[in-house]
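My structure is below; once you've seen it, I'll send some questions.
Chain nomenclature is as follows: A, B and C, assigned in order of appearance, with residue numbering initiated at 1 for each chain independently.
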Amino acid sequence: YLENVKNMASGELQAAESRYETQKGITRTLQCEILELYSKLERAAPPEKPATAE
Amino acid sequence: YLENVKNMASGELQAAESRYETQKGITRTLQCEILELYSKLERAAPPEKPATAE
Amino acid sequence: MAEDPQRNFRSHYYEKVGFRGVEEKKSLEILLKDDPLDVEKLCTFAQRYPLPSMYRLLVWKVLLGILPPHYESHSTVATFRKEQYQDLLQALQVIRFVQDSTPQVWVYLRMYQLESGTLPRRPSHSLEPEDVVFIAIAEAMEEMVENDVDAYWLVKCFVNQFNNKYGDSVPHLPKSLEHYLNLEDSKLLIHLKTSLAMSKLPYDLWFMHCFAGCLPETSVQRVWDKIISGSCKILVFVALEILLTFKMKLMAMNKAENIAQFLQNVSVTHHNAALLCW
């Protein structure tokens, strides 16, 4: 019975872990996207005179 | 002892839960940042004629 | 299993008249009353019999580890699975990899790529061969499963399990097919070899797409029952069955290209009853 309780907990814990790992992957992807957007933005509107770029 | 195992399991699950929530908070912040960068980028380089915006 | 000729005759008879699986369904129901579920027994069952369609989704999810063996955990775990799905979807929308117009199987592909760290830098990036396989499996799964969250998890776990478990065997399956064809019908094998068709058979469709989009849905489900429960040999036997079923037509063709083309399109043109009855 004890084994049973342990196994049950481990099933839930694994699912929680997978959800967390995915969230970490999402964070990583979003960070890359941000860097890319910044570099695009700099190319589109050079930081020296951002007002005149429009 | 059984009670102990159960408590431990629920403790671990809570810890996983809180790690997940933290990570999700980070994701939320990054998502806002991305949305903002996109809108800046669109103002800087309107999608209609991105080549002439520079 | 006790071999009672009377009973076997009856089962056989049921099969013929369309009551196939009455007894199988009962014995599966007994297995499903176990709590926790005995995954090994469920595998053994699925290896022997096609799963009754009303229990297929549950059994697949348990065998693929999407749901744990304990019923008590099912709702908690299902919630986690759903959240994970939504997290992925939302992130992809924010970075504009997924839009309202994106076909559902593409959404699944992007989610899978994001999870496995293989998301390309741009959505327009061309597809890798493994993406093509993923899409084929996803298209078939989408037809079988109504709920998007379930469909995504099933595709993802199916593909992962397939690669982990059978990735090393897949390259050997054509050889294995040749071996069995030689035993069953050496004439046909010789014909396919002399016309140089043996190397051009639609192996990708058979052994990587696992017959997705090639056979009628009910047949694909039965093939996948076996794959999910632990054996990829079924792929060879179904391919063999296809070759034997169309022997006459194949024997009449001499060009490898024609043979390959014919077999590639078997699905569209022939829903041959023989393919449903193995």
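Note that a contact is a pair of C-beta atoms (placed from the backbone, for glycine too) under 8 Å apart; a residue touches a chain by one contact, two chains touch by 3 or more.
Per UniProt, the chains are C = TBC1 domain family member 7.
None of these values were measured; they are calculated from a predicted model.
Asker: Ranking chain pairs by how many C-beta pairs touch, which one is first?
Answerer: Top-ranked chain pair by contact count is A-B.
Asker: Enter the angle, 0 to 180° in steps of 5, of the rotation superposing CA atoms of chain A on those of chain B.
Answerer: Value: 170 degrees, nearest 5.
Asker: Could you grab the centroid distance between chain A and chain C (TBC1 domain family member 7)? Build each centroid from C-alpha atoms only and quote it in angstrom.
Answerer: 32
Asker: Please compute the C-alpha centroid of chain A, do the same for chain B, then give the distance between them in whole Å.
Answerer: That gives a centre separation of 6 Å.
Asker: Taking each chain's centre as the mean of its CA atoms, how far is chain B from chain C (TBC1 domain family member 7) in angstrom?
Answerer: 35
Asker: Going through chain B residue by residue, note those that touch at least 2 other chains and give them in order.
Answerer: If we look for residues of chain B contacting two or more partner chains, we find 24, 27, 31, 34, 38.
Asker: Among the residues of chain C (TBC1 domain family member 7), which ones contact at least 2 other chains?
Answerer: 87, 91, 94-95
Asker: Which bits of chain C (TBC1 domain family member 7) are touching chain B when the two form their complex?
Answerer: Those residues of chain C (TBC1 domain family member 7) that touch chain B are 87, 90-91, 94-96.
Asker: Can you list the chain B residues touching chain A in their complex?
Answerer: Those in contact with chain A are residues 1-2, 5-6, 9-10, 12-13, 16-17, 19-20, 23-24, 26-27, 30-31, 33-34, 37-38, 40-41, 43-45, 50, 53-54.
Asker: Give every residue of chain A touching chain C (TBC1 domain family member 7) within the complex, in rising order.
Answerer: So the residues of chain A in touch with chain C (TBC1 domain family member 7) come to 4, 7-8, 11-12, 14-16, 18-19, 22-23, 25-26, 28-30, 33, 36.
Asker: What residues of chain B sit close enough to touch chain C (TBC1 domain family member 7) in their complex?
Answerer: 24, 27, 31, 34-35, 38
Asker: Can you tell me which positions in chain C (TBC1 domain family member 7) touch chain A when the two form their complex?
Answerer: Residues 36, 68-70, 72-73, 76-77, 80-81, 83-84, 87-88, 91, 94-95, 114-115, 117, 119, 121 of chain C (TBC1 domain family member 7) touch chain A in their complex.
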